[in-house]
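What follows is chain A paired twice: with chain B in the first complex and chain C in the second.
Take a look at the complex of A and B:
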């Protein structure tokens, strides 16, 4: 009985883990010279997304977005992952707290057939 | 009804039930609903005020805290707590040490989880309190549901050794950064209170930001008047 519960729990965690790592939902961004590249991204709406940000600068940055409800420190010379969504169709702004005048970006969530 | 919604509904019922199994009367339950998130490099100073008005008088409690992140997902905070009793004496009442751990990456799984551990000592008496809490948060579009469940142990020669349970919940509408209306619920120690709250955040340069929370909680389970007003201001730098 105890083993069965453990197996069920393991299976549940495994499903969660796999569903969170789906490669199709990964979007990549680069932070270089305090600029997000690309600064504008189109993503499919109503899907959970894995945003990978490669901070190529020598200093830390903090990704911040009230629209996306996310705050995350981007360590220098490191890739950071931010899980967002599912997003309703619309525009979601984000910026870097340490360079708010330059590090700015926009995510546009579109219905799947419209997203590029 | 889809099985998924049954699971969600069942969980939302179960969470408060598990943490309200034991409830006894000796303290104030209204405090703050904790979120399960920690930011590396985070440092903060915090001030909280609670004014509770009952038929026997008004009790005022204030606490000042200093916190900092000691790891990518762990933050610690120390507090000095002052209380004014019903005879208008305001004095240092207790010290508290708190540790909060963000267990999962925000948004990665169905919900976000954290753990809170607290240790409190009364200043002048032999009374201790240790608590462990499970922190939960789930987004539903622009709504965020946050729930805290605590198991509390009290001991010492000045208090009755006992186990307690507490539950706190908050539904917040992320309307705009500076103005996020919410409804809060506090339960434990023979107290069930509900009321409106407003949460706001103003951002300065870099990591510097000011957060505030204002709430008004009315006790529902007793017929007597019991209202609490809470205010929390937090400066992160």
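Take a look at the complex of A and C:
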């Protein structure tokens, strides 16, 4: 019985640890008026990142990046999640395939710890 | 908007058109009346399925901690591969059409999302022209592909068709692997090589090769491994089919 409680507690601590880890690695991006805000993101290199994109427009968009090899439809008034990395230091362009002239952005992966 | 619509429609119609051509040549009976009515029925069924999926897609995208859309896409892509594999092994006509319905859900639903979003905001005219142009280019290409493949099959060997079906279907598994990596279902792996200096997959030739055989200029290790395994499994299925034909030939 005691062992079971210990196991449950251990599992709970593990879940808490994992959720805090994912919270640290989460980056938020907003799509409003066919513009990605912020248009430039600085992120830590060599780490897996969870990119949460909030499409606040009334139209769908497609997040597309040749550099990151990512493609995802962003439905209107919905949030979407994409995992990127671990990225080598450098610049990675992304754009909205449905409105490529306006919806553009850049992810800069940096070695430094304070990249945000 | 016009040019963008042409590019998007080409990207979405071309993989569907290529699969349709490849399957209509395997097994070689495409101009029979019954096959035409089957294809028409499948097209209508696929369109209805796309509308239902489109209606649900916004909600689906929020399922399983925002993994829903990728899971659906992975299911459709694996559905194409599994259907073609089952078609080769069993030679049962229904699998040909289930592959086409899966392809319509995977590609056409994407295009319909674009049309339904932007068709409502006063861009309908340029989108219509763009769609017609994109479809026209796609139809021209698949007609050319169809007759080229018929010529190659008659002049040389049907092994070329088998190779093209194998590579095309295996590319669906590679794409599904990339999607799984996109939502962290499997860990992202490093790229094996980078051929962007030679041929970018977003150039004209690159896009055509991507639609035909799933060309990737910089594939990840997992994506390449899954592609090769899928090729291997499909080749075994073709070998099995050939063996069965030989056994039946001897029996008769």
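Everything below uses one rule, namely that the second predicted complex is superposed on the first by the 92 of 116 C-alpha atoms of A that agree within 3 Å, B and C clash if a C-alpha of one lies under 4 Å from a C-alpha of the other, contacts with A are read in each partner's own complex, and residues count from 1 in each chain.
The working rule: a residue touches a chain if its C-beta (ideal position, glycine included) is under 8 Å from a C-beta of that chain, and two chains touch if they have at least 3 such contacts.
Note that the structure is a prediction, hence the values are computed from the model and not measured.
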Fit or clash between chain C and chain B when superposed on chain A: clash
Contacts of A:30 with chain B and chain C, given as first, second, both or neither: neither
Partner chain(s) touched by A:106 [first = chain B, second = chain C, both, neither]: neither
First, second, both or neither for A:59, with chain B first and chain C second: second
Which superposed partner A:79 touches (first chain B, second chain C, both, neither): second
Partner chain in contact with A:48 - chain B first, chain C second, else both or neither: both
Chain B and chain C footprints on chain A, overlapping residues: 48, 60, 62, 66, 69-73, 75, 81-83, 85, 97-98, 100
In the complex with chain B, residue positions of chain A that touch it: 16, 20, 48, 60, 62, 64, 66, 69-73, 75, 81-85, 88, 97-98, 100
In the complex, chain A residues that touch chain C: 48, 50, 59-60, 62, 66, 69-73, 75-76, 78-83, 85-86, 97-100
Chain A-facing residues of chain C, complex: 4, 8, 57-58, 61-62, 65-67, 69-70, 110, 113-114, 116-118, 120-121, 178, 181-184, 188, 202, 218, 220
Complex contact set, residues of chain B against chain A: 37, 39-41, 72, 105-110, 139, 141, 144, 174, 176-177, 203, 205-207
